[in-house]
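Below you'll find a set of structures to go through.
Both complexes below contain subunit A, partnered by subunit B and then by subunit C.
Let's look at the complex of A and B:
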């Protein structure tokens, strides 16, 4: 629609700017808080302009654990989060690609039954099956480990379903041409299917990385060892710092750091992400 | 190099039979065309030879070896698909090299073969491009290149020209024919287009509903169609079919009241029988009014330049008839023109079975 009505243009811009302000303001406060020292942060009113303590706060947060708080240095928690998020994203993609491959390209007994069973797990996120899952992970001795953090979150109906849809759009003739060319199933999977779903894999990686990174409840449950803390749950532990008022400047710096990796992933993979979600031509 | 032997090949999906027992021997180096309307089972038959469809019953042998249980890759065949089926993420070069790479052919040998084939097909300039950067005709060449590079003993073509525009189709048709003659590789070509079938094939199989209607050379099919189906399928514009009754001693056929045509063969057994008469539009000609003739009441005239198609009503029963006349000729609507046809060009078919009499 091409229109030229100044008032409408003005109004739509007004609304958009207003919306951005609402979302951006808390982030601005987080940033500002992360640049002041502890003393300034307990005075009223709260500062609205940045201070000069940014790099000191950054250094302290990354390298030292918080005084009195039962949390390891944030740098360490960031690493834990990164490992967990990567394991979840990569694991989910690998498993989903393989199961979608099986469901679309092989004819085996109860094929559709398996598909629907996978599909039904959509209704069973971690929060719903938390007790039995905890029991299983505990019995397998995976508490306080990266495996315990990631494996229960890896099985993914959404990703399987998405790859199934992607594979269904790939013309049968390609499979037939590959068969005539002498490619076996795994060769076809590796040489044809994966390159053709490259953009979808990238898009899914972005979503799943953020999903893994933002996990809060599950890490909180199965990690008792400080060395396994992830940053998202670590922030909460910082607030519980016992006998003193919370170190807001450090907590805010940690929040800022926790927000950074997902932003980076989205920014760096944006073009692939958009392509993967919109591209239909194969 | 290999021959293909089909013996009593059948295909059914559940209780539905789609191919009803086909026997056929295709000689080494022969170019055969399977032709028929859509849904007649021609592609299924080709895919069974390729190994992409299971054979319900019967045997297919390539080069003397029964291949029923072999994977497509082990049958020493190459196939060209209607939509080309090029791997979209690979360059033209990689598309052509892929099967050789899987077979473990050395890098230098692959390079040599790909370049050689690219030269034959004049696609040498596109080797580094992706398929989506090519036009339809170029993609078609690449698809053929991918087949040739493997040096198979049998080529299978599944309607390879259907996605091209009319002009390119004629050009590629000629190229396929030249290429096959040059390489001498046994080829099976499936199409619904009777012109392609007539021009390309040494021999044709006309398939209808999974039954073989007729096997033979293009000219044989044109001159002596075994059934009414073949007669209507081969030739363009298609043959005119008119109901008629056999006259006295089978020496003529009579159309309703006023018109009749003389016959050349001996049809005395069929005296008085109702038959279907087949007349090719190009065999009808304007008669000398002083000689015995029938007449056509002109309805529509189509000018093709080289030919003129005249559609009109024939005899008092207003039977539809199309006549193809050489050159540019003008007629006005409702003009009555005298027509004749030489007796050996009158085809007779049984009205119920469609078999040639």
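Let's look at the complex of A and C:
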């Protein structure tokens, strides 16, 4: 504290609380909508306080899904999302660890060429190569599969750079000691590098899990089979159906369920999340 | 870059980089080169014949007023999202940097929207501003304003901007707060002893010192608004009404997948790629300089 100005401090608190209310208001409305039944959700004005239908709505959403929407039950879509997010996060971390290891600890022809090739992926987000990537995946017969959902997204320049950075800070003496003790490259990788980068792996996992869970455009393109829908794209199907019969209580319950896992990850693993975010973005 | 001490030559490093390189080649480099190639072709309506036309597709794009409109719209959209979310986040961060009690609690309560998918942000806002049922529509109605983003293009644009900016506040807040907390306290104290009040200190010391963070966030926000907001536009407005919210990424998707204009869509992809390359170069040059500072 530099000076004691109680009024300004009080105003700061007031403004922060006001900011939090603005940020949280949409979520509050979502929660409230998820606790009322269909009849209440078509009466204007809509409620601002929660009702008593939360568990009924939860059960209906998880097991039956929404009538009229061409989407499977939400419980099923949540499972698909979880599998996709885990495959993307684990896949990205695994292949990035391996390539960073090769680039930092080995001298071999085309090393820099490989490095730049990985770097280029930063400049090619899915959004700019939609059609041709879709064609490749279709030709490989990977439409409507978990492989198709995850593999094309797991090349990662940011993760590779981050692990490269981490490996460069590991003292050379460790490698010398390991070699004197007769450890080969893979042994060194498994017993020294992986344990030393454990926190970085965890931090990256938090970020990548959120990234994977929130994918929208890619699943939208390559899944036509309802059994492969993820919950984030299922919301879109429900909104389309809402044009005819606005079952907002079910849509909002699904939204709530769809945002819960990543939000929980952020709140519960806050320090890892902050670490991951600041390390991957520079 | 390379360790002073490293392993001797073997085939092992090739095996280690293989998964990453194979995926990059199949799903990144090959499709991108396909997009480049297709952008030089024109295909007839039935996909029966293709003709190599050099830069005809690009010429067509640059004379197309719809494309020009989408470009202008994207720029307005991106800078509005960046200005709104960064402005709000900066004010919040300045306040959070000031208070000592409860700073971590405030941070927890402000950062979680980062985890909400853009599509869900869109769904929440479209629900609150639904023309017949929405709670904000009702409030606006009681002031005598009739909100209907399904008919009014400007309102649709505002809705998309609000939903996109809402989600991005968390991210900007986190980086602004980190930037402010990295400023040495002695600087602020010296200014306070010289009689500068909180506002003056913010304008003359804090804001100039966090300008690298501000610039970095501006680039990242523009990237976010250009590419990651596809989900919001797709759920909230589908580019409508009357193309009022059709941004570049949405147009690529729409022309390619719905309109099946392969050459035109590929040409748009190529232009977007150039934009990403420019933004990435700007971002990395800035990071280089930041490393020199510290």
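Please note the rule applied: the second predicted complex is superposed on the first by the 261 of 282 C-alpha atoms of A that agree within 3 Å, B and C clash if a C-alpha of one lies under 4 Å from a C-alpha of the other, contacts with A are read in each partner's own complex, and residues count from 1 in each chain.
Note that a contact is a pair of C-beta atoms (placed from the backbone, for glycine too) under 8 Å apart; a residue touches a chain by one contact, two chains touch by 3 or more.
Owing to the predicted nature of the structure, the values given are computational and were not obtained by experimental measurement.
Chemist: State whether subunit B and subunit C clash or fit side by side on subunit A once the two structures are superposed.
Modeler: fit
Chemist: Thinking of the overlay built on chain A, is A:233 touched by subunit B (first), by subunit C (second), by both, or by neither?
Modeler: Only subunit C is touched by A:233; subunit B is not.
Chemist: May I ask you to name which of subunit B and subunit C touches more residues of subunit A?
Modeler: Touched residues of subunit A are more numerous for C.
Chemist: In the superposed arrangement, which partner chain does A:176 touch: subunit B (first), subunit C (second), both, or neither?
Modeler: After superposition on chain A, A:176 lies in contact with both partners, subunit B and subunit C.
Chemist: First (subunit B), second (subunit C), both or neither: which does A:204 touch?
Modeler: neither
Chemist: On the A-aligned overlay, A:191 touches which partner chain: subunit B = first, subunit C = second, or both, or neither?
Modeler: After superposition on chain A, A:191 lies in contact with subunit B alone.
Chemist: Pick one for A:272: touches subunit B only (first), subunit C only (second), both, or neither.
Modeler: A:272 sits against neither subunit B nor subunit C.
Chemist: In the overlaid three-chain picture, which partner chain does A:214 touch, first (subunit B) or second (subunit C), both, or neither?
Modeler: Once the two structures are laid over each other on A, A:214 reaches subunit C alone.
Chemist: Identify the partner contact of A:124: answer first if only subunit B is touched, second if only subunit C is, both if each is, neither if none is.
Modeler: A:124 sits against subunit C, while subunit B stays out of touch.
Chemist: With the two structures placed on a shared chain A, what shortest C-alpha distance in Å links subunit B and subunit C?
Modeler: Result, nearest C-alpha distance in the overlay: 7 Å.
Chemist: Using the superposition on chain A as set up above, list the residues of subunit A that contact both subunit B and subunit C.
Modeler: Residues 176, 282, which sit in both footprints.
Chemist: Note which residues of subunit B are touching subunit A in the complex, please.
Modeler: 50-52, 71-73, 77-79, 81-83, 85-89, 98-99, 102-103, 146, 150
Chemist: So in the complex, which bits of subunit A are touching subunit C?
Modeler: 1-3, 5, 8-9, 12-13, 15-16, 19-20, 23-24, 26-27, 29-30, 33, 41-42, 44-46, 48, 94-96, 98-99, 101-108, 111, 114, 117-118, 120-125, 127-133, 135-137, 140, 151-152, 154-156, 160, 167-168, 172, 175-176, 185-186, 210, 213-214, 216-217, 220-221, 232-233, 235-236, 239, 246, 248, 251-252, 255, 258-259, 262-263, 265-267, 270, 273-274, 277-278, 281-282
Chemist: Using the touch rule from the top, collect the residues of subunit C that touch subunit A in their complex.
Modeler: Within the complex, subunit C contacts subunit A at residues 1-7, 9-10, 12-14, 16-17, 19-21, 23-32, 34-35, 38, 88, 91-92, 95-96, 98-100, 102, 106-121, 123-128, 130, 132-135, 138, 166, 169-171, 174-175, 178, 185, 188-189, 192, 198, 220, 227, 230-231, 234-235, 249, 252-253, 256-257, 262, 265-266, 269, 272-273, 276-277, 280, 287, 290.
Chemist: Quick one: which bits of subunit A touch subunit B in the complex? Just the residue numbers, please.
Modeler: 171, 173-174, 176-183, 187, 191-192, 195-196, 198, 282
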